[in-house]
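Paired with chain B in one complex and with chain C in the other, chain A is shared by the two complexes that follow.
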Partner chain A sequence: MEFMEERHEAIVIVGLRGRMDSNTARLVEEKLLGLIDAGDSRMVVDCAGLDYISSAGLRVLLMAAKRMTQTKGKLVLAALNDDVKQVFDLTGFSSIFQIYGSREDAISAQQ
Partner chain B sequence: MPPSEVSNKDHFKEKERSILTGFLLGAVALAPDIVAVILANSVMLLSDLLKSGSETVATFLSWLAVRKVRQGRTFDYNYGQGKLENISSLAVAGAMILSWLIVTYSAIERFRRPTPIGSIGLALFVTSGAGILNLWMWRKNLSLARAEPSPIIESQWRLYRAKSVANICVISSLILSFAFREHSWAAYIDPAGALIISGFLLLSAYRVVTDSIYDLLDRTLDESLQLVILGELAAFFDDYVALHGIRSRRSGSNVYIEIFMEFDSEKRMSEVQELINRMRESLERKIKSSQVVIAPATGPVA
Partner chain C sequence: MTDPKTLAVAIRNDLSEIERLAHIVNDFVSCNHLPSRVAFDLNLALDEILTNVISYGYDGGEHLINIRGHVAGGAVTIEVEDDGRPFDPLAAPEPDLTATLDERPIGGLGIHLVRKLTDRQEYRRHEGKNLLILKKNA
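And then the complex of A and B:
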């Protein structure tokens, strides 16, 4: 699992690549919550390289979304592949996140 | 008494009755089996007898466990009853492994020293009767297991499936050995059939052991159920402030889920409690045999 971080003005863009399961979710949790606690209040999670997400991965995104709400910030997702999108639809996660088709659309929405 | 509690009790009684029927049938069938083994001089029948004996003992242990659970359901074993079910399943698996060792050893010995079988009339009669009973018990336990998943009933229907297949092997082997008794190679049919039984036994034992061991070690829930929990957290997303942890485990046929979450500090305790009740009831409706605890927390819970 790769975790990439870049910035576009005040927006932090987090790229996830690989499989987000019980083995890798902890690392993503530390990084995402670390960024939010450090004061990043506008975040785009780019899922273009995310091949698979398990319940452990969903839990991390849920915790991050909640933490972001507490700090009055906004976390949006971009470029989910069909399999990941299906998991989001199945669990109702599609209704709690703003999901954009591409990273550019997500960045525009955060500006 | 609430209707759900009544039906739960009835279900436990039905489980107990089904296992006791299996034990009594198994015990009664042992006597003619012994006579049949002596008359037929068949290693497969001997193996079948040893297997039936050990399975009958294991079934008796299962019956004791279910009886204990039913009697102590609300008092002495609030948390441990599921493990008692798992331990009984391991006893059944132990009996299967023991039978496998005996069958394999006996079959190898008979390959080394081939011996023609003797009179098979009584053996055919007894095994056919046992086969019909085992098929009936297999179907009965399978429908019980589908109604409410339980390690004991799960191991029981697998046990009767193994017994039914073993009966079919025994009958086929006896008929073939008798029909081709003039040929020297017919002496190998009996041990070959015994080895087929041993393979099937080992497979069943492996399934029962792996299922029970994982549950005894408090394995977390399957991914499909984890997704159901996450779905509920998404459905109630606006009703809590933060999620601090989820713990889940299986114990026997029961599922235990603990969710630690933070609520708006401006909310009154009665409001939080009402919210907790709604979430708990909703999740317990979606996950069969589950007991959900939602605990307010203000920090991460490992």
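And then the complex of A and C:
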């Protein structure tokens, strides 16, 4: 699991690369919650490089989104591949997250 | 693999083993000329089951979990056999998928995914071990 962190004005963009499973979800949890706790309130999670997600990964994204709403911020997702999108559809996560086709669209939505 | 129609592998009770198993399942599925979606779905179902077993099934120590698979009539059947404490994962209640972000509990989705991603699931306690059988139609 690798991260790429970029900033676009007040928006933080976190790119995820690799597998988000029970073995790696904790790293993502630390990364995302760390940013939120440090004050980031507009976040794009770019999933273009995310090959795989299990319920452990979904759990972390849900935790981060909940934490974000508590602080009146917003977390959106971008560029899910078909396999990952299927997992979101099967769990109803497609309807509780704002998901954009591209990172650019997600950034625009946060502006 | 001498007989590509069958799979037999033992993994240690360590979460990092799940990714190693995923590569083996990918090879098994492609060896049998089945679609890669079959491998993705089986690997996710196996991940959810094995994460439960490895995280909650043992009091400690090293254990081996046996994974067996075979292909017949265009379907893949995978068995997971562990010597952890008795646990029927299929007894888990179904989550409420219509809940909003605020209402959604953290967790409880793993077994739901197993049910959705495979066509048949069966649990047995057999000779002091948990045996879970998953069948996936191609």
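The criterion applied here is as follows: the second predicted complex is superposed on the first by the 111 of 111 C-alpha atoms of A that agree within 3 Å, B and C clash if a C-alpha of one lies under 4 Å from a C-alpha of the other, contacts with A are read in each partner's own complex, and residues count from 1 in each chain.
Throughout what follows, a contact is a pair of C-beta atoms (placed from the backbone, for glycine too) under 8 Å apart; a residue touches a chain by one contact, two chains touch by 3 or more.
Fair warning: this is a prediction, and the values are worked out from it, not measured in the lab.
Touch criterion met: A:Ser55 reaches chain B and chain C at once. When the two complexes are overlaid on their common chain A, residue A:Leu90 makes contact with chain B and with chain C alike.
In the superposition on chain A, contact of A:Asn23 is made with chain C only, not with chain B.
In the overlay built on the shared chain, the residue A:Met63 is in contact with chain B and with chain C. According to the touch criterion, the shared surface of chain A, contacted by chain B in one complex and chain C in the other, consists of residues 54-56, 58-59, 62-63, 65-66, 69, 87, 90-92, 96.
Residue ranges of chain A in contact with chain C, taken from their complex: 19, 21-23, 52, 54-56, 58-59, 62-63, 65-66, 69, 83, 87, 90-92, 96-97. Taken together, the chain A residues at the contact with chain B in this complex read 54-56, 58-59, 62-63, 65-67, 69-70, 87, 90-93, 95-96. If you check the complex, the residues on chain C that touch chain A are 15-16, 18-19, 22, 37, 40, 43-44, 47-48, 51, 54-55, 95, 97-102, 104, 106-107, 109-110, 112-113, 116-117.
Those residues of chain B whose C-beta lies close enough to touch chain A in the complex are 223, 226-227, 229-231, 233-235, 237, 240-243, 246.
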